[in-house]
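Presented below are the structures under discussion, each in the form of structure tokens.
One chain, chain A, appears in both complexes that follow, with chain B as partner in the first and chain C in the second.
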Partner chain A sequence: MHISGVRTRGRSFSSRRLFIRISQYILVVCVALTINFTLPRLAPGDPLNYILGDEANSLNAEQRQQIYRELGLDRSVLQQYGDYLLGTLTFDLGDSIRFGRPVSEILVERLPWTVLMIGPAIILSALLGIVLGALAAWKRGKAGDASLLTGMIILESMPSFWIGMLLIAVFAVNLGWFPSFGAVPFTGTEGGLAYFVEVARRLVLPVTTITLATIGSNFLLTRASMLNTLGEDYVQMAEAKGLSERAVLFQHALRNALLPVYTNVTLSLGALVSGAVTVETVFAYPGVGRLLYESVLARDYPLLQGVFLLITIGVIAANVLADLTYPLLDPRARSGTRSEVS
Partner chain B sequence: MKNHTRIVLSALFLSFVFILAGCFSSELEKSESQKSESESKKEVSTLRIAIPKDAGPLNIYTSNSDFDYLVELVFDKLFAPSPYVADPEPWLAESASQIDPLTWVVKLKPGITWHDGQPFTAEDVKFTFEYYRDGTPNRHSHHVSEAPSITKIEATDSQTVRFTCEYACPTLAHITLADLPILPKHIWQDVKEPLNHTGLPVGTGPFRLVEHKPDELYRFQANEQYFKGSPAVKELVMPVIKDPSATFNALRAGEIDIAAREVSPELLDTFKNLPDMKVVRTAPLSLVDLRLNYERPPFNQPEFRRALSLAIDRQKLVDTVLLGQGRAGTKGFPHPDSPWTNPDLNTPFDQDEAKRILEQLNFNDHDGDGIRETVSGTPLEFTLKVASTEPTWIRTGELVKNQLEDVGIRLTIQALDPGVVRGLTKSREFDIFISNSTPHSAADPDQFITMQRSGNLWKKELPYPEMDALFEEWKQTTTIEDRKNVLFRMQELFNRQPTSVVLYYPDEYWAYRTDAYDQWMESPGYGIVHKYSFLPSDARGGAVVHE
Partner chain C sequence: MNTPIARYLGFTGFAILVFMLLLAILGPFIVPYDPNELIAPAFQPPSWSYLLGTNDIGQDIFSELIMSARVSLLVGVVSALIATLFGVIAGLVAGYFGGWAETILMRLVDVKLTLPFLPLMIVVAVFLGPGLITQILVIALVIWAPMARELRSQVLTARRRGFVEAAEAIGAGGRYILRRHLLPNVTPLIIPQFVRAANTGILMETSLSFLGLGDPTVKSWGMMLFYANSRSAFLTDAWLWWLLPPGICITLSVLSFSLLGYALEERVRPRLRTSWRFGASERSANKVRPLKREPQEQDPESPEPLLSVQQLSVEYVTANGAIRAVDSVSFSVRRGEVLGIVGESGSGKTTMAAALMQLLKPPGRLTGGRMLFAGNDLASLDAAELKRLRNNRIALIPQAAMNALNPVYTVQKQLVEAILAHQKIRRSEARIRANHLLQLVGITPDRARAYPHELSGGMRQRVVIAIALANNPSLVIADEPTTGLDVIVQAEILELLTDLQSRLELAMIFISHDLSVVLSVADRIAIMLEGKIVDQSSVNSGVFHPNHPYSQRLQAALPRLKSKHTIPFS
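After this line comes the complex of A and B, so read on.
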């Protein structure tokens, strides 16, 4: 009776919490949508000057108005906002001003490339960062730790575009091992093994760049967290039990030390859809980041709103994922813990 | 210890995979390049050209003159190559003759077809000019409705077009017909909203656009039926590479054959010394200038603008910022290489004269802080706005700031998003900003007139008796010579009290791989990447100036 009572309380507590969380997310989405709409329009400049360049300055007011009308920019801001909200709900994001094509079509084209580039980089950066961080902490103060730490701090302080340019200079220009730009080969048809090999080769340098640029934070976080954990009683207990070095390190210490790293990695999943502007620029990679940057310059409002929407969804999804999965790793974060303890 | 070994081993394995992948690919590339070497350089199957910016689906309504070199691969004009040469030659036209000061008759070349096989006729020409004049405005509209103002376009038969102007139009063939691309009537007559038209373009030009991936790639295929002869290059692949260093790395690595952008001064020596690479210099008809807000005091005083112009040592800017790769802007606006620019223009550097004028205007330094004040005590302090994406211009701005401080004027440099800077001419929220003029603005005399009247360099609503009188005189002239004379006087007046203080005329250097293609030629204002470079040499006509 006592136990079931606790369970009921736990469940009601948990569903209330779920309700609050969902309302929070809805609120965040609404605020984000509004900001996505207003921010680009608050910036001075308009798409006309981008499209027509200096020639736009030779148009009179009536001619400008005619062009705005065709681009749908002559209507009141409130009308445009209404259209935008409605469009978002129905997944009709309008047409890009610069390309004249549906925004959703362009996003669908770009998204896979960003995921393909950022996905492996996040995984590699997390795995290598964690393993090396754990080893460094284990060898704390020794030569291996010192050199890893120095190396990682150097990497962490290098801007990603710089790493990218170095890799291009060495591996593309001097050694000629990998292509320096683009996602697909110019010639040859899509599909087939040769095509996939080419696509993979074009991924190597950007993925390596992002991995190197982000590995530092995972390493430093793991190392710091490990150093705390290694001082705990239960680790010394495990060592005293005579467990192997590896078992103590990976099964006892690392599992606990991983929690902050896990949060860090999960939150970085948002970048899966937002891309990495500088790396995409350096490698002329057709990702979402570069699309965003170009759209800002062009004041391509519909496309900007589309990219912002995608990023909003990505960041919120990463947060939801972190929220939902964290308790699986850390029993202390689960609701109704007491019942499980008992 | 065991762990360390394992890590080292995995690292070795990874490197091995990298190397293997690398070797595999270099083999592939080698066989491809061997193949291309065995072919003649005069006829090439594919050329890879990196372009710095996406131009949309080459819709004339959503592209600006930066992209003329792409648009004109697909579209032709009645005269070629541009208004920037002294004597354009008939292209789609066979001949053009002026009947009287207001009337021209243009005969078209027979037997030309659009990419979709439809015949090109006088109806297409009539439609295009009327569409530009009466339809949604585009960058060509004011060259049909204002300078010149074409009132009537008639297709007297399928190969003849008659143009009637509102006031004399002696330069119609030299400028207007060499500037406006001709659209196919059978496609565009149904387009009600040309800005939203997205189909791949159909033209008469030497290339067909067959693929466009936004911000990523253009692919053109040769139009074997081109009336000037089948192009020497069968396919053009143009990846969009925004970043200059990425572009030139790709060129060095042999992944592209040429970049449609200038080699920056810092990279010149490296590229000149690379094997299989050639660097050529062209004189682009572009310029970098300070735009002054002539509606704000004290910039509304002609003499104050003159003092500013005199205070700037342009040669120093060229030596310091451009590392000598350009010419000082001492010949003012427009570009001195345009056949339509007064060769005697002169905008010298004379700080003493600048100081004398400022004193005459009662701008003196009363409080001894080195900065002059107006009679009411307001110091001469202004903001110089510049696009944050243009480091060369920012450096230029810093030097200009120092030079103006020498005559008692203080500038604050403000680097802004390029989108904001582009909108300044319209918003008028500036004192001074750094701008650049493309050939269309810096070398086309009709555009010079338009810019004086449209709020760009001046606006017609603002009284400017001297210039307005010259404009009326300009309209009355009926021969090219007379028109040039008045134009030259307008340019003199403009540079005496400039609203655009030209700083320099940059040189452009182009690097290309000689093992891929070596038939590049310069066309003024276009550099070397343009359609004439891809035509067989006997089909290029007089469209290009020199090799």
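After this line comes the complex of A and C, so read on.
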């Protein structure tokens, strides 16, 4: 009566799916580049204003012609587009009007600060959102679930920067517990324990703000996903096996409920970077988001476009990360092992 | 047809929204001062003349706040309207016409959803120049995409419904179908989509204005916060009356749309309904009296049955009153005996199995009767006692065993877990035991590390049986263990089950809708109809003696190979 293991190798769509994914990402980068290329040329006024800023107004006609030629603006649109793509590939994003330095250089300086701020926030928000969401689903319909749900929906309705402003008003100004401005102390030298403590203290409020602003979506998604998996047969089976409530909840229900949440967390990086724009602005935090705000205020177009491109690439990197790591969590997504035989 | 909590939330949302809209409409008539006029010294605290105090240049904040309602709500709602319009058109076109239109539109949606939305809005807004129209356009540009995707999938679902296919079959034109059949089906979904878009729209207006991309000539709540931030409102106590009110107004407006959206969505998708019971403990109704001792080992010679169910009743509490799924059911199972329970779907068989395992989930609850297992009432066991009982003494082979295995763990792990829950042995020993069990049900140990999706339906069923037997239970409840399998596999599984039952001297409750299957395995049979056991009888070599008219009809419906009236060969 032995049935030998018949490993049926089902058709694997993974290579096709991979191709679609990659082409999707290339397409997104192309769209972002095209937006960057077209907007200054479609917008009203002389494109020189968008490249040189107010300086362009002081030029006479002859100087303008010369700069046009130097920048290749007198060539055909297609040639310009080609030049632009080539420049981007070699990390030549033009010069910032405000800082008078290459855009790529400024981006490299600012990026680590944003990563330093967003990284802990993602982890905190995901952990708290998942644990609370799982508990709320487990105690669904009870008073604890109802109050958590209400609280999270209200938190979701608050603008993130407003949460930041309130935290500053209370914890920085009134209580004086944490500094609310910048990322590094004004005085003192870099390095050393004291320096790192100061940097960490300046991270507390922005990280808290982003955590509070994003925890709601993680909570709501985990709760909904848990409610789905709690109704699954394998959860009942786990209970019928005589496992403890905690094992049923965490090892069976939550383990499966996490799959969509994980995807959401990695994909929400894009939204997070967007949130960072306003939050970094409130805290005058020298990251990429604040840089976007500065470039808007100064109408520093090359810088603005550079930041947009960088954030787009960051979002795509998050997508790739999600694609690559998801199969680690879900054996069904591992290629070459799918089969449906009964 | 909403649940009370949704109605309550929906009403709250509606009330807040009406209040905000009234503020927006009546604003100019009720403000005490012109919000742009410098009417008082800077940073006046709230007083009767200046309800919310004044800002750094001496403008009345209360007037500003009320006048801002207009712009904030207008931008949010108008951009949501535009986005809804585009989203609906794109979704309908993509979902209905398919082909290249769908490919292009959905590609566009994917690109849009991948691009970081706030930076995108900022870049476009900077080049278009700040202003209300710009704000509305960029917000609409960003939020139409998810709506298009959602509507497309709804259209695809609606298209597969019978009546649309029927209309197509009788040659109805595309536009006719779109107008008469698809739009009415999709419209109820558009409203919650719009509400959610308005919610996002208001938040985005706030962010854009806060970054200085609002119209400088008018005020909105986001603009107020922009000014407050750029002029460092925190440094004085003014933040209390300068920061809090606009933020609260934004939060309330967004919240009102969220709550409305929740209520509307629940109306459209009944599956989202949660039953809310405050304060009531789930299991309290089940508790008869706490019993601190282990279910005692029973003398095999004793005439007492292993399981004795007396007057068991289970009800499901619904909005329209309680429905009695199991109605005063009594039966007993002796050691080593197979009791077959036959009934059509909805007769309460599965609910009864769940009650025996104490796996009833609200809204189902035990309302009466006793279930004596080895002399102890199952309903009176506490959590720890239940944990020791399940799988160890009574094991369940659940209905739809195909889905009873957790997709993310190997079958070995799921077996080991069951073993370690009850036996104090090392993990390595448990693995060896797991492989033995797999062999027992006819699976070679080299498949032990397979995931459920790598196994066939029959093999998954065998694994579930192995899990049920992992701790040598004295009673196995098999709930439709062969349903969903093809006939040959069904026969194999039945053979396996009967073989194991007699070898391990298991008592078994075999539940099925299939009388012929039950007759082939059961020593005794009980017929269930509408929650009641209407007939019980012993089975002798595949034949039983029905008393109730229902079971007589059941038996008469059995296909027979040997008929009483044999047709003589000519």
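Just so we're on the same page, the second predicted complex is superposed on the first by the 258 of 342 C-alpha atoms of A that agree within 3 Å, B and C clash if a C-alpha of one lies under 4 Å from a C-alpha of the other, contacts with A are read in each partner's own complex, and residues count from 1 in each chain.
Keep this in mind: a contact is a pair of C-beta atoms (placed from the backbone, for glycine too) under 8 Å apart; a residue touches a chain by one contact, two chains touch by 3 or more.
Since the structure is predicted, the reported quantities are computational estimates derived from the model, not experimental observations.
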Per-residue contact with chain A, leading partner among chain C and chain B: C
Partner chain(s) touched by A:325 [first = chain B, second = chain C, both, neither]: neither
First, second, both or neither for A:173, with chain B first and chain C second: both
Contacts of A:109 with chain B and chain C, given as first, second, both or neither: first
Touching partner for A:140 - first (chain B), second (chain C), both, neither: second
Which superposed partner A:34 touches (first chain B, second chain C, both, neither): neither
Partner chain in contact with A:79 - chain B first, chain C second, else both or neither: neither
Partner chain(s) touched by A:15 [first = chain B, second = chain C, both, neither]: neither
Overlap of chain C and chain B interfaces on chain A (superposed complexes): 43-44, 50, 165, 168-169, 172-173, 180, 281-282, 296-297, 299
Partner chain B, residues of chain A touching it in the complex: 43-46, 49-60, 63, 66-67, 70-71, 95-101, 106, 109, 131, 135, 144, 165, 168-169, 171-173, 175-183, 186-187, 194, 197-198, 200-201, 204, 246, 281-284, 286, 290-291, 294, 296-299
Of all residues in chain A, those that touch chain C in their complex: 1-8, 24-25, 27-28, 31-32, 35-36, 39-40, 42-44, 50, 140-143, 146, 153-154, 156-159, 161-162, 165-166, 168-169, 172-173, 180, 227, 232-234, 236-245, 247, 251-252, 255-256, 270-271, 273-275, 277-278, 281-282, 292-293, 296-297, 299, 301, 304-305, 307-308, 311-312, 314-316, 319, 329-332, 337-342
Residue numbers on chain C that touch chain A, as the complex places them: 5, 107, 110-111, 114-120, 122-124, 126-129, 199, 203, 206-207, 210-213, 222, 225, 228-229, 233-235, 239-240, 243-244, 247, 250-252, 254-255, 258-259, 262, 274-279, 357, 359, 362, 383, 386-392, 395-396, 398-408, 417-418, 421-422, 439, 442-444, 446-447, 450-451, 453-454, 456-459, 462, 464, 467, 470-471, 485-486, 489, 492, 495-496
Chain B residues within the chain A interface of the complex: 2-4, 7, 18-19, 21-26, 28-29, 46, 48, 54, 56-57, 59, 62-66, 136-139, 141-142, 193-198, 213-217, 219, 237, 239-243, 245-246, 249-250, 252-255, 417-420, 422-423, 425-427, 429, 435, 437-438, 440-441, 447, 450-451, 454-456
